[in-house]
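Paired with subunit B in one complex and with subunit C in the other, subunit A is shared by the two complexes that follow.
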Partner chain A sequence: MAKSAPGGLAWLLDQRVLLSIAVLAVLPWLLPSKALAVNVLIYGVVVMGYNLLFGYTGLLSFGQAAFFGAGAYFTGIAIGRYGVPWFAAVTIAVLLSTCLAAVIGVVSTRTRGIYFSMVTLALAQLVYYVALQAASFTGGENGLRGFTVDRISLFGLSVNFLDPVNKYYVLMAFAALAMWFQSRILNSPFGAVIEAIRENEQRARACGYNVERCKLIVFMLSGAISSLGGCMLALHLSIVPLDILHYQTSGMIVMMVLLGGARSFFGPFVGAATFLILEDVISLWTPHWQIFVGAIFVLFVLFLPKGIWGTLLEGLPIRKARQ
Partner chain B sequence: MSELLRAEGIGKRFGGFVALEDITVSFAAGQLTSIIGSNGAGKSTFFNILSGALTPSSGKLHFRGRELNGLPQHRFVHQGISRSYQITNIFPDLTVHENVRVAAQALTVSYDIWRNRTRLAELNARADTALDAVGLLGKRGELAKFLSHGQQRALEIAIALVSEPELLLLDEPTAGMGPEETKDMVALLERLADKRTVLLVEHKMKMVLGLSKRVVVLHHGRLLADGAPDEIRGNPEVRRVYLGQSEGYG
Partner chain C sequence: MDLSLIIMQLLSGIALGAVLVITALGLTIVFGMLGVVNFAHGALFMIGAYAGLYLASLTGSFWWGLLLAPILIGAFGMLIEFVLIRRLYGRSIDDPLLLTFGLSYVLVEGVRIVFGSDGIPFPTPPQLIGVLDLGIGFFPRYRLFVIALVAVVLLVLWLMLEKTRVGLIVRAGARDPTIMQVLGVDIGRVWLAIFGLGVALAALGGVLAGPMRSVNPEMGSLVLAEAFVVTVIGGLGSIVGAVVAGLMVGISISLVALFAPEMATIVMFALMAVVLLIRPQGLFGVKGRTA
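Then we have the complex of A and B:
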């Protein structure tokens, strides 16, 4: 039986964007440092984009770092090399990253299962090596440097972006925009289509859907959202490390979504926070923190396959009967 | 009766294996036609070609006079051909209503991201009408995976039905059903056949001969016979290769 939601709880859960923003708004005061809170925001957005592809559509990509990195590099290059204002730089970066996602998606969404995963991994590594080799443009292995955003101005408002609290709330506005957009997709008829494709691709096709085209659109939307996380990282750090494009970053994104809960709206932020806190805490004790994080990850996969947030939500009387 | 679908010289090869050879048959609008044949006769291959899941190696398909060759499977639905599968094929983790609604929106609002899917009143109403037609309206809020086998088969028909196809292809809709569920399904098929063209693949001969206006018999990938149930029943060749050994005939 589907669980029926009590009216009040159902209404509250329908406000998932507002609830998520409310939680993120108090995050800097709950975590040990503002820098950690900023990282949770950034990786939360990247993983949220990935969740659209993996959690909601069922496509396991190992190449999401390409879009995270592309967003960061395009933002840095636009600001540092061409002197483009931050807002335009972010817009251009997201658009160019979406184009990159279209190119990678056209090739990869023609494949299925492990082949899809491998093609995304290979193409993302191609992007990594392009960034490594085009050193005059990207800074090569030293990363992209030479751009700084110290003030953020929009609609007559100007804030000091070097202040950690200001920085957090400015970046939270980006995260809020990404959450609103993702929620819009999930609530829409197209959201129903991607769920249908995840559930049963053959049936979706027999219903009249061009499954390949739908997958490509999701791939582009997912890349666009993750690239926004990259833009946030570039604004935050004022450098773009080459590692951001590496397959280890893609692996970390997969781990974060599984820790938080694939197919849950707020799970990516929970997964990012869990991973980054574990990294922060365990690396104080040992430089080999990955061994412990890896072991914890395995335990999660074995005993909490729906992730932290997914498991918590499962305990609530929510969902289907809402309609 | 006017011709709705025409298969002309349809052949299908899988490597060196010939699954279908030179099948020419047409299906009239507004009647229930069954395709029968022993295992390996080519029924499923033929059915998959008629629904666009397979492309024929030779021959042409015409639907309402328009050639379908070269169209991808999803476009067949847009032309007015919808199908169910031999093995239950639904969206198990969606509710019964969502299963049908997502099929209903395929022809109109597939890529829309600006509207709220639960507030599309016309689609919701169409989904409920299709569920009502198969007797599942009372289960609309339940997850599809929790339905009984018979209810899942009925749900699959509702999914196929909601696009209001001119031609409904049903692949063994009573497969795996007990006598009670089969009885309900037969009643449903009778209701469906009153309003649209239905093409049925089925093994239960008593049911086929009772329901169908016309029966097409395939044998070893070739067309063996084509006619009214009484003609098929009296055809010595059909009796020899198929009817004498089929389940439930008599």
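Then we have the complex of A and C:
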């Protein structure tokens, strides 16, 4: 992304990480419940990682749930089964999930276009069925239970993790780390290359970039960030439901990124918030909230493909001048 | 383990594969013509099963359900193409996929509202209850019927595509829609009909699968993944590929179920990964379009 001259709105928009953190910091007091705010945080991180793949590289994967779920399961297994401290568990979980992303990426990035969507969906379903069958490790259909993190301590500092406000800000630190990491990727030359691949794959290839390797790397980075969201979920819930791996979860991630706005930095959080608030509000008066969310999503695809945040940003005069 | 048991299991696999072939065929024909992958295909399969069940109980005969459900749901599919998908031609190839995914949410939840979330048993038609002695073992009559019916449908489809004028237009339209328009063919009508045909095949698959699986709102999600695996192995857009891969997947699932039941669902995904590593475009796929 081209740097614009400092000053005014343009300067402010360049501080996207700080700006996003500022919004997230007040979020628990804007939403009806702390639980909802925590979910926005978790899904925001997952969707942000996915946005790297879909929004910035243009690869429509339907298998992101595999990494979200892997992050959660690996965290839970490391803490519950092996008694690993939370910080090490999260690190191990992200590393192992990235390895999983490498394996799935090697197979799926060999394909293009619609094929890629179908193959990622199928491979993520494979992960789902493996988790279902390996019940001794994962708890199978009942989900993973038996691990609880009640205190989070780091560098001598210890907080009560059961307190909802503490929990939110601890998890927000994770989100901030993920946002900083994602912003660094996007600002790097590699960030420019993946956008070049999205705009014109052949041209990027002709420029001498190894398109296949770039796709694989971005697939792994995206999986790593989304898996961090999974770690956050495991710490938050103290259980990991099997459904987290189902392709419906992948589909939900796709919906969230589109509702918020693919290709925009803060869009994933807006999308996650929109989806979760819709779910929250509609399920107050009907258990069949999915029919409304599905219909709203269809309307977005038809009439608002840039999503809420993407459309808003486009409306800002400053953005137009920069492009 | 004796040979006759393996042969019986092989036949089971063919019956399972036959339903997969029909379902994947719908997906692959639509992609070959319109370049659209229908993510609501699984949901329409499920709706086909419900429609078959409903029509069968309404008319008192399975056969009316089998005949009318694909026609009705096929017409519904044409409506979907006409109202929704048509707007997306010329936009990103991802858009129809996203739209149909959202649509599947609506369809599945719609069925839950009308029929409830619990599974409903789909009775086997009385003429096909029981087993047939094949000399080496007993095989359910209904499954033999499914194999035979799918073979007939395949033959009719093949004759239609290869031997009729309509088939000629369809095949030419898949190659180059612009030239077809220049030649005065209303390609929009062809696309409408093909999308309807694809959805009708999904519904037919649903009705046929009904008595073999239980009918519930979630049945489409496994089917969608299965149909994807089959089309990816066979090569997206290839009819021969869908048939060969469908039978291959069906047979491997039932043979593996014999030796290691817990691996039965996993084996098809493994098969797909192997095929992709060796031939990214699928067994019968054309290189360049998708891989």
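Just so we're on the same page, the second predicted complex is superposed on the first by the 311 of 323 C-alpha atoms of A that agree within 3 Å, B and C clash if a C-alpha of one lies under 4 Å from a C-alpha of the other, contacts with A are read in each partner's own complex, and residues count from 1 in each chain.
Please note the rule applied: contacts are C-beta pairs under 8 Å (C-beta built on N, C-alpha and C of every residue); 3 or more make two chains touch, one makes a residue touch a chain.
The shown structure was predicted, so the numbers you read here are calculated from the model rather than taken from an experiment.
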Of subunit C and subunit B, partner touching more subunit A residues: C
Touching partner for A:A25 - first (subunit B), second (subunit C), both, neither: neither
First (subunit B), second (subunit C), both or neither touched by A:S188: first
Which superposed partner A:A173 touches (first subunit B, second subunit C, both, neither): neither
Which of subunit B and subunit C A:A88 touches, first, second, both or neither: neither
A:E199 touches, of subunit B and subunit C: first, second, both or neither? first
Subunit B versus subunit C as contact partner of A:V211, first or second or both or neither: first
On subunit A, the residue positions that both subunit B and subunit C contact, one per complex: none
Contacting residues of subunit A [partner subunit C, same complex]: 60, 62, 107-108, 110-115, 117-119, 121-123, 125-126, 129-130, 133, 246-248, 251, 254-255, 258, 288, 290-291, 293-295, 297-298, 300-302, 305
In the complex, subunit A residues that touch subunit B: 1-2, 4, 184-185, 187-193, 195-196, 199-200, 202-211, 214, 217, 320-323
Interface residues, subunit B side, partner subunit A - complex: 51, 53, 72-75, 77-78, 82-83, 85, 89-95, 97-98, 101-103, 105-107, 109-118, 120, 123, 141-143, 146, 159-160, 163
Subunit C - residues contacting subunit A, complex: 31, 37, 84, 87-88, 91, 93-95, 97-99, 101-106, 108-110, 112-113, 221, 224-225, 228-229, 231-232, 236, 262-263, 265-266, 269-270, 272-273, 276-277, 280, 289-291
